[in-house]
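Both complexes shown next keep chain A, but they swap its partner, so chain B is in the first and chain C is in the second.
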Partner chain A sequence: MTPQALLLAQTVVSGLLVGLMFSLIAVGLALIYGVMGLVNFAHGDLLMLSMYAAFWLHKLFSLDPLLSLPLCTLLLFLLGITIYRLVVKRILDAPKISQIFATFGLVVFFRNLAHFLWSPDYRLIREPFLRGRLEVFGIYVSIPQLVASIGAVVASGFIYWFVMKTEIGRALRATAEDKEAAALMGINSDRMYALAWGMGAACVGVAGALLSNFYFVFPEVGAIFGLTALMIVVLGGLGSIPGAFTAGIIVGLVQVLGGYFIAPAFKMVVVFLIYLVIVILRPQGLFGKW
Partner chain B sequence: MVSEKIKHLALQRIPWSAAIILAAVGLLLLTFPFLFTRPFPQHLMIMIFLFAMLGQAWNIVGGYAGQVSLGHAVFFGMGAYTSTVLVSRWGVNPWLGMLVGAVVAVAASIIIGYPCFKLTGPYFVIATIAAGEIVQILFINWEWVGGARGLFVPLLEESLPNFQFHSTKVPYYYIALAMLVLSILVVRWIERSRLGYYLRAIKEDIDAARGLGIDATKYKLIAMAISALLTALGGTFYAQYVLYIDPASVLPLSLSIQVCLIAILGGVATLWGPLIGALILIPMAEFTRVYLGGGGRALHLVVYGALVVLVAVFQPGGLMALVKGLKLPRLAPIGGESKPSPSRIYESTDHETRG
Partner chain C sequence: MFDRRTFASLLLALALVAGLTGACKPPAPTPTPAPTPVPEVVIGAIYPLSGALAPTGEVLKGGVELAVEIINGKYPDLNLPLAAEEGLPNLGGAKIKVIFGDHEASPEKGMSEAERLITEEKVVALLGCYNSSVTATASEAAERHKIPFVNASSTSPILHTRGFKYFFRTTPHDRTFAENFFDFLKDLKEKKGIEVKTLAIVYEDTLWGADVGKAEKELAEKYGYEVVADIPYEHETAEVTSEVMKLKAANADAVMMASYISDAILYQRTFKELDFNPPGILAMDAGHIDPSFLGTVGADGNYILSREVWALDLAVKKPMVETVNDMFKERVGKDMDGSSARAFTGMLVLADAINRAGSTDPEAIRKALRETDIPGDMIIMPWEGVKFDPETGQNPLGRGIIVQVQDEKYYTVWPFDLASRDIIWPMPTWAER
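On to the complex of A and B.
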């Protein structure tokens, strides 16, 4: 392979790995949105909290992020349900603007709480179990990133299986389609919403623990992931989990390739522009509703 | 026509108690710099006035029209950058630069607004965030306006025409106060004008408004333009006050968020809401900065974020609604649909009647 082609291949692989992380985060967001039609602006900040959880578990108890993954997932699951019970439940019937303000207020709250508690310093887990890189046909792949991406695929797959193939998943979908009709069939929508929030948060719980293997942890880390995840969910099509997954990969590729072809400084500009173009020209995204 | 309108505004019956309070507060504000001569209290008031004004401007499109924009830093930055580039490269008078900056911001608001106003609710919000981030990234990488290093406003002899003062903050105080009063008058005028009714109709039920023949996009753009204009004035003021700007200080998302927060907590779609919001946020910010030290100790925003959540959940009308004793029932929307409609990113196709 020529150096050019190799570099391009490297970029594509990199984009794929980045994209899969985005996919997992977006899948969680799509789940919440799909079930209750609520845009969770604080999704990225939940990711940030998970990353901090993994970091502190490592710093204080020397728990490797791979081992703390179940714990982070559980913590975020509980946090998601708590947020639903304390805040979201009360604004379900409120005007759209109140819903925006509520999750938006959570963004400000969580992000600045992290600033206050843990300072804006960038943290990094040193010497995690997963480190180093592989070389495959001249392409370098970072092991933590590779494992994270595999984890993302597994977790997304699990969510998809859960939603499509299990009894409870069917109940979730029923609630998403028609809350009242589902209630007539004996499905408690309150429990379904709580579950959706719990599982959606658990997704970023997994993602956060995986990311903490190789990504810096700082209060603003949720900003860019959250914003990108919002765009991905819209691109993938409202509340569609496969759509969010696919769109995540696409956005990852677009971001890295855009940075490669145009300039690294502009990689997010490309993503934002694509969002604006797609959402204005084809608002239904790639897939319809699940 | 105009004299009729003025008479109409002037003859609005104001209760005596309100008039007296207003007069007392007005007197206090006018004499403040002479009662408190140290720079810090004056700086505090200047920041309160500036942010209250930005909140007022945001309120026009975010509160009254119901289009929550998280990209207003764009207009602030454009105002600041336009006047600063003009004065530092070509010696153009900053007041003139302020007007040019306002024009630039209005143009930007139309360019951004026209495509984005096709989106509803959260999708519009995300789009404005995206627009704001794009502009900030562009400015960081644009050498002609100083890139990430920013721009310095050339130091000139202090005078009103030069829009710079070095030995005292008092002139800045009165300019900021004047700008705040201007913004309050503009919002008050909008509130009572036809535009205000159109905006409220658009916010409540855009389809019904369109059914009545209101060109929703046009009025949203007008609201956005007025909002951008006022915000840009604030941007130029900031540039001339601090005498240094860079993308991180005049274009960041955090600025857009703060402006929005002020209006939300104080009370969206109310005249005094942003002022109350600023009166709470800015002193909190400054005091945490002084007592807890430096950046990163964002305790005031933690409190503020929690307050916004509480407001959203319990009292969407903000503190103004509490003050007025209005308990808006949560099920009766003050604006927007009462049931979230997941399938509507895109506004319903235009039924507008042209002509």
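On to the complex of A and C.
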């Protein structure tokens, strides 16, 4: 390959890896919004909690993040349901502004809880099972990032299959479309909402365990990913899972490609420019609703 | 799905987990406040105690608190200002009390914290803020209220050029440090025969990084080096892939970096991932000398060079450095670094001035600060001493050193006559490590 082609290929591959990371986080957020019409601002911080879970399981019990993945997913699933039951359920009929403040309050709560319990120090899992990199035709692929990307595809695929092809998935979609009509059909909307929250949180449970293989953990790490995830969900079409998935890849690619070929200082400018263009031309996002 | 009881036990389980992991955090000892009714001198200190820079904020606070402990206590063996007696002797043994403010790396918050400390807590002087962008605004508030502001750790060159009367900076600034880099490169050529012709300059894009980048570019032009890559970047970013790829493409003889802690870690990881092997990386302090940097990247941080303001191995020439470091380590659980050492020194300089003023009147303190003259052997820094230029408030006696990470520790490698170890240049590639 010519050096130019190699550089381009490397940028595309890196962009894909970064993008799939975002995708998984965004898919969970899209699920919650899709079913309930509620934006979970604390999504990034749920990711942070999952990363800490993976870190502590490794530190205290020498459990490799790959092995603790199911545990982190389960923990976050339960946490999602807990948050729904304790907080979200009570504000379902409240004005939108209260709903926004509720999940925003969770952001402040979780971040400061993490600060208090675990100090602001940066943590990194030093020798995970997944480490090192591959060199394929002169392109560098980080192994933990590769596995994280594969995990993202698998998890997103699973969520999509679950929502579109199973009975419970249909019930979720019915509740999303029309809560009252679904209730008339015998679907318990309370259970559906709890399930949506549980599954949405489980997505970042998976993402957190995968990310902890190569990303450092600290209380504010949610801010870095959470905001981008929100933007991706809107870009993909609020509530659309394939939309969030695709938009995540697009953002990752644009960020790295734009950063390389234009200038790293402008990479977010390019991302947001594309975001603006798409949202202006097509306000419902790329894929609209499921 | 769950009944009440299962639910409650779930919550209990979560709480237990939180408690277990919380209990694993090392205890942070705090100095006990003086219970005596001796009058107090109240000082404000504004640092990034939360947010991405919180680890740095923690050690800055630790440095100040250790200084206060030494001032308020009796340490006749330490050749530091005010160590020998308890409290401030010219104020009847009055003790220093510091009230900390958290600026969260936000210039607006820094300014409002300064206002709060001055108007509500009635502090007689301020210390702070680490982030140059925050020091700029906080010291503005101090200037308006005519309260002396001692800046110990911010290095942006513009801070002392604003014509302020109440601003005093003990640390040398980035212009001086950038000059140190080029002195170092010159020495490298003349004394070690290593020639660097092209430079890549990477810097975070807030006030500090931008000023460092600017100074480095100007000096590069002045001394005839070619800048083959000029890469500003956003410091709170999820990835730096494109930046590192640009660095690889540029293939410079040396990379000059100015990063805070989280981006420094990100870059190091990405350098390894993308197999980036420059002959040398010259970092401008900050993130690269933060204890969390090596704490997080470990051996991957080896061979990085950084401009430093201070190093533990200065103890070879100044044993007091080791004594103070031991005290700090006992209280905070980590070795001192350039940030904590400067915050520590800043507090001592301020207290020395208040003592000479013999009063808590801000005007008297300001006058005393202007007359400061502390010799080099009474501070733990590698400076000739502490004085303040009457026009600008800048200490002209400061200077930097260059350290290299070897075997996961920082060793002074320049000036070559102060070096405790030989420099390793070029860096071994990732494959060779």
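Side notes on the structure shown:
Keep in mind that, in the parts below, the second predicted complex is superposed on the first by the 277 of 290 C-alpha atoms of A that agree within 3 Å, B and C clash if a C-alpha of one lies under 4 Å from a C-alpha of the other, contacts with A are read in each partner's own complex, and residues count from 1 in each chain.
One rule holds in what follows: a contact is a pair of C-beta atoms (placed from the backbone, for glycine too) under 8 Å apart; a residue touches a chain by one contact, two chains touch by 3 or more.
In this text, all values refer to a predicted model and were calculated from it rather than measured experimentally.
The superposed arrangement places chain B and chain C in clashing positions on chain A. Contacts of A:166 after superposition: neither chain B nor chain C is touched. In the superposed pair of complexes, A:228 makes contact with chain C only, with no contact to chain B. Once chain A of one complex is fitted onto chain A of the other, the partner contacts of A:33 are limited to chain B, with no touch recorded for chain C.
Judged by the touch definition given at the top, the superposed model places A:108 against chain B, while chain C stays out of reach. Contact with chain C, but none with chain B, is seen for A:123 once the two complexes are overlaid on the shared chain.
Shared-chain residue A:265: touches chain B and chain C both.
In the superposition on chain A, A:79 contacts chain C only, with no contact to chain B.
In the superposed model, A:238 makes contact with chain B only, not with chain C. Among the candidate segments 22-30, 76-84, 130-138 or 238-246, the part of chain C whose C-alpha atoms clash with chain B in the superposed model is 130-138. Shared interface residues of chain A, touching chain B in one complex and chain C in the other, are 112-113, 115-116, 119-120, 223, 263, 265, 268. Taken in their complex, chain C has these residues touching chain A: 1-2, 7, 10-11, 14, 18, 20-22, 24-25, 28, 50-52, 54-55, 57-58, 205, 231-234, 236-243, 245-246, 249, 261-262, 265-266, 269, 273-275, 292, 295-298.
Listing the residues of chain A that touch chain C in their complex gives 7, 10-11, 14-15, 18, 52, 56, 59-60, 78-79, 81-82, 85, 112-113, 115-124, 126, 133, 140, 142, 145, 191, 194, 214, 216, 218-220, 223-225, 228, 255-260, 263-265, 267-268. Those residues of chain B lying in contact with chain A across their complex are 66, 68, 115-116, 118-123, 125-127, 129-131, 133-134, 137-138, 140-141, 253, 257, 260-261, 264, 268, 295-299, 301-302, 304-314, 316, 330-331, 333-343, 345-346.
For chain A in complex with chain B, the touching residues are 33-34, 36-39, 41, 87, 90-102, 104-113, 115-116, 119-120, 223, 227, 230-231, 234, 238-239, 263, 265-266, 268-269, 272-273, 275-276, 279-280, 283-284, 289.
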